[in-house]
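Below is one structure; the comments refer to it alone.
By letter and in written order, the chains are A, B, C and D; residue numbering begins at 1 in each of them.
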Amino acid sequence: MFFQQLVNGVTLGATYALIALGYTMVYGIIQLINFAHGEVYMIGAFVGLIMVAVYKVNFFIALLAAMAVCIPLAVLIERVAYRPLRNSTRLAPLISALGVSIFLQTLVTLIKGDPNPLGFPHVIQDTVYALGPVKFSLIQVVILIVASLLMVFLEITVKYTKIGKAMRATSEDYETANLMGINVNHVVSFTFAAGAALAAAGGVLVGMYFNSINPFMGVTVGLKSFCAAVVGGIGSIPGAMLGGLLLGIAEVFGVAAGFDTYKEAISFGLLIIILLFRPTGLLGHPIQRKV
Amino acid sequence: MEGVLSILTNPYYNQVLTMMGIFLIAALGLHLITGVTGQFSFGHAAFLSIGAYSSALMTIYLHTPFFLNMLVGGLLAALFGILLGIPSMRLTGDYLGITTLGFGEIVRIVFINTKITGGAMGLGGIPKETNIAIVYILVVLTVFSLYRIQNSRFGRALAAIREDEIAAETMGINVYWYKIKAFAVGTFFAGVSGALFAHMMQYLNPSDFGFSRSFDILNFVVLGGLGSIPGTILGTAVLSLAPEFLRFVKEYRMLIYGALMILMMIFRPYGLLGNVDLVRVFRSLRSRGAGKGTVSGDS
Amino acid sequence: MRKRIYLFALVALLAVALLAAGCGGSKDAPKAAGGDTIKIGFLGGKTGAHAHYGIETLKGMQMAVDDINKAGGVLGKKLEIVEGDHGSNSSEAANVTQKMITQKVVAIVGDPTTGITKTAAQICQPAKVVLLSAGAVGTGVVEIGDYIYRDTLLDAVAAPAVTKYLSEELKWKKVALVTTTGLSYSESLTAIFKPALAKYGVEIVAEQSIMEKDTNFSAQVTSLSQKSFDGVIFTGYYTEGALFMKEMRKQGLNQVMAGGDGLLGQELYQLGEKAVEGSMVYAGFAVDSKNAVGITKEFIDKYQAKNNNSKPDMFAAQGYDAVMMLAEAMKKANSADPTVFKEALAKTKDFKGVTGTITFDANREPIKSPVYLQEVKNSEFVVKTVIPTA
Amino acid sequence: MPVLLELDHMTIRFGGLIAVSELNMQVEEGKIGSLIGPNGAGKSTVFNVITGIYTPTRGKVTFKGQNITGLKPYAITSLGIARTFQNIRLFKNLSVLDNVKIGRHCRAGGGIFGALTRHPGIKREEKTIAEKSLSALDLVGLTAKKNEQARNLSYGEQRRLEIARALAAEPVLLLLDEPAAGMNPQEKQTLMQMILNIRQTGVTILLVEHDMKFVMNISDCVDVLDYGCKIASGTPSEVQKDPAVITAYLGKEVG
């Protein structure tokens, strides 16, 4: 029972982590809570659904297609709604992010015709593997593998490539990076693109795992993933992974322990407690007071 | 004059304007927290719900007078504001924002799970006590109080905190404590607004106080012009009336609403009345530049 | 300084007031003046999370209005629907209800949900406009006043009848009870099922709570897998119901579920696929193509002709009946004045609607018969049995 | 002359970096003291410790015989220490007069209740705040600009406004962090006169300044910091001749 719940928690946490990475990278670079990120995830799920239901492609093609749609979408969102506001007050881009969020939810609802959830066709068999008393379904295995691969890929990109170094420099000091000849606009676009790719993958995986997608699915998942990013230490990539897993596990065990009616509060409660003791999250750098 | 009369007699305008006034009081409270003191709060609806439920329960079970219940609602909201502020006011910026958001969600979920508030089924049977006159008298009182607060030693200290916390602290301002005080006053108004809401709708449901309501109120404050009372009034008016005016576009309504939010921010990132100091405009009109010694902390 | 503040506040208030009056006033005035039609309001979400109910209710209402107008209208006047979309937001629902009242509707049909119905009822009652909800099932609705009605099959009537059937015919002795917390519909239904289950000797071996819009039920199902039971009583909506059953199948549990009309919607089998085969849903209306007769059959045929052959659901049928009941009450009272025809409406007895017979009891609560218990078979709702209520 | 401010073996460390080490320093009442040293010597850090923004890792700060180590900045201000900042920290979107009024915060007591009622006590208090603030503005010559927004002032005016804001707190000890930075010679001359005038009113002054001519002309005593350590102390003329100071500023001569 304990290990079974742990498997459930880790699977859920892996999807939170995928989405949390997008929040954390964007925040690390331009200190913006990209509230529209949840909608990118939602659109990723819909694109994945269309690909498997209408074009009958296999799972990996659907995953790539979702990424292919979400990447330009996220870059466009940044261009239109955030870039003009980069030097404005902190709240202005936040409000326009909410605007983007409402716009995309309504747009998808209108295109779809109603806000009702849609099921996801079976592209992965319902095979169940048993490891002693613990059961893994194939889809859980796929989620864990795909999520891990993507995160490793991201970590390599950020650590060892030129654009990754530029990202780290920009998140360290935006102004100086700019002066040092880094094209920060490129870096920001790349960051949004990378976050969108992960969110799109998250959307498709979650759609398949839970078998239901709807135009408003990005709202709560987005908020919880953002919590995960903050819990782990916003701006920190390993932090987002840690935060995601922690929240996923806490949620599953909270429900198992009988706090099922408080399920939605678990993530937020954990967030507040962690922030009070570590004001910048588990793996975040402490803020140095600059005078 | 005919227009004004028709508002008082036409129940629809009456309803819409009363609602607008109720949310304006809440928005003015948030204005003090976010606009004047510069602290993010993404959970304002929680304080509305605290004021709403507590006043409604008093009305239903204790039969105490409405004004007392409203006052208690406001004070209870302020108490929770202080309780939340004590641990979290050391957090800055977005971290404070996300903490208040979390608090807001937790309060909503607690109300869902509470028996006496009717849980998810909601709380009905609240007598109607709110009317447009009471609401707008309170709006005027709120505006008046906020003007007085902003033009006082207390208000100047809050503005100083918004401008530069470290400088404020070296000027002798206990930044932490002043932030909590600002939070208490701002959430008091939210509680009063909640009490009015409860006795207007006569039925409360926790889903009325989700984070989308908090962001709506934040929108009112930011879109009108952060830190400006006239801006908050204008923002609230435009955004509460916009959905009503946009009814004719039917299902495209929220699409346009979302697009409007983006466009307004792009073209007026400081809000509709941001960087327009009405008091100064007013004064220069009145006395052609030779103003009196008092300058508002409102810009 | 002081003068300036007062002056400013006054100017601001006036500006806002004039803005509202100037923009809103001109549009509605001529409409309200026209007296050649009888206006009936539709209150519901055409957008937002529960839009499905609203859209279907409106479809049914429109069909009823078309039928009535084709037959010459009511009292020599045509019926007209005034639409009030509230986007599933309660403070907007209050605004739009008030707006329809100023547009001189004599009655409002809606909202399909209990919460918003209560909000609207608080406005309709003092305004002396009839509110007839085609969907509200929660408690404390008609108690608000004598202008407030509903034409739904009440769970308090239906759930015990269904429980009796489950216990006596299907021999369910142990059940797991799953509630969607935060959803008033589900919590009320659970509260009705509990005594009913006890009365017919069915033991609740496990209780689980889930949340609305939740998609991950692995923890709850893992907990259930430790118990043995004959079936699941699921009191929530179809989305969660379908996903919950899927998770059960995933974890190797094969019991079926039974629940109320919250489970009713093609999404149940579209989402649930094989996992919901055999699941049972009761409702006050069902398309029983083979056995349907009379006006029910006519209604089904007409709806299918209009909507690409898709079948009408309960909300469409109740929306249809709501308008028909209102029209009949107006004819009986020979008046389209709500203060007059509400008396006739309250006396409605054995009204033959497309959803069955409806009688309002002394408390104006609807007594409906029968209950349609349906079963999912090959991805379709098939009527399993029709249970008459006492 | 009695000692007003004393630093006793004050050490502050940021992570592995020792910013100031074992600093002993005194400022006598009624004097103008200066703290000089090359960039990064830790001068501003000393100010930040005195005003309570940083808590020293070791050592003690005594003001008027009272141990103020570890007190919060606002508490230290009300005891009578006010300061300006090297990188000007005005309340940029507020008016010039409001900036100064905020400086007087610690010398008044009106709270929320007073703000709402404006009872006679508060009216009197506000009147005093306005008068004192205006006279502080007068002292730095900014009376004419009292209704301007602070961000619209010129650089030199902003520096002067910071001084006025600090003066409004009626300090016993005034800390000025590079007050002459970015000023032209004429402005510096005015500033010097202004500082002397302030001293005349009985305020003790401690300066951090890079302009040697300015420091040497105005100071009664000078302390020199290099790499967080005090290397010299004395009257301007003593310090000027000190070989350690010359080395620190010009580097060691080869050979």
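By our rule, contacts are C-beta pairs under 8 Å (C-beta built on N, C-alpha and C of every residue); 3 or more make two chains touch, one makes a residue touch a chain.
Composition by chain, UniProt nomenclature: D = Sulfate/thiosulfate import ATP-binding protein CysA.
All values derive from a computational prediction rather than experimental measurement.
Enquirer: Following contacts chain by chain, what is the lowest number of steps it takes to reach chain D starting at chain C?
Expert: The fewest touching-chain steps linking chain C to chain D number 2.
Enquirer: With respect to inter-chain C-beta contacts, which pair, B-C or A-C, contains the greater number?
Expert: B-C
Enquirer: Which chain, with its centre taken as the mean C-alpha position, is closest to the global C-alpha centre?
Expert: Minimum centroid-to-centroid distance belongs to B.
Enquirer: Measuring centre to centre with CA averages, how many angstrom lie between chain A and chain D?
Expert: 48
Enquirer: Hey, how far is the Cα centre of chain A from the one of chain C, in Å?
Expert: Their C-alpha centroids are separated by 36 Å.
Enquirer: What whole-Å value do you get for the distance between chain A and chain B if each is reduced to the mean of its CA atoms?
Expert: Chain centroid spacing, chain A to chain B, equals 31 Å.
Enquirer: What parts of chain D, by residue number, touch at least two of the other chains?
Expert: Within chain D, the residues that touch at least two other chains are 53, 85.
Enquirer: For chain B, which residues are shared contacts with two or more other chains?
Expert: 109, 112-113, 151, 166, 251, 254, 294
Enquirer: When you check chain C against every other chain, which residues touch at least two of them?
Expert: 47, 181-182
Enquirer: Over in the complex, which chain A residues touch chain C? Could you list them?
Expert: Touch list, chain A to chain C: 1, 4-5, 8-9, 11-12, 106, 109, 114-119, 126, 128, 135, 137, 206, 209-212, 214, 216-217, 220, 251-253, 255-256, 260-261, 263-264.
Enquirer: Write out the stretch or stretches of chain D touching chain B in their complex.
Expert: 51, 53, 72-74, 77-78, 82-83, 85, 89-95, 97-98, 101-103, 105-106, 108-112, 114-116, 118, 122, 125-126, 129-130, 134, 146-147, 149, 165, 169
Enquirer: Which residues of chain B touch chain D in the complex?
Expert: It is residues 145, 148-149, 151-157, 159-160, 163-164, 166-175, 181, 185, 227, 280, 291, 293-295, 297, 299 of chain B that touch chain D.
Enquirer: Considering the complex alone, what residue numbers of chain C touch chain A?
Expert: The touching residues are 47-49, 51-52, 55, 181-182, 208-211, 213-216, 218-220, 222-223, 226, 239, 242-243, 246, 249-252, 265, 267, 270-273.
Enquirer: Mind pulling up the chain A residues that touch chain B in the complex?
Expert: Those in contact with chain B are residues 27, 31, 33, 80-81, 84-85, 88-96, 98-107, 110, 223, 226-227, 230, 234, 261-262, 264-265, 267-269, 271-272, 275-276, 279-280, 287, 289, 291.
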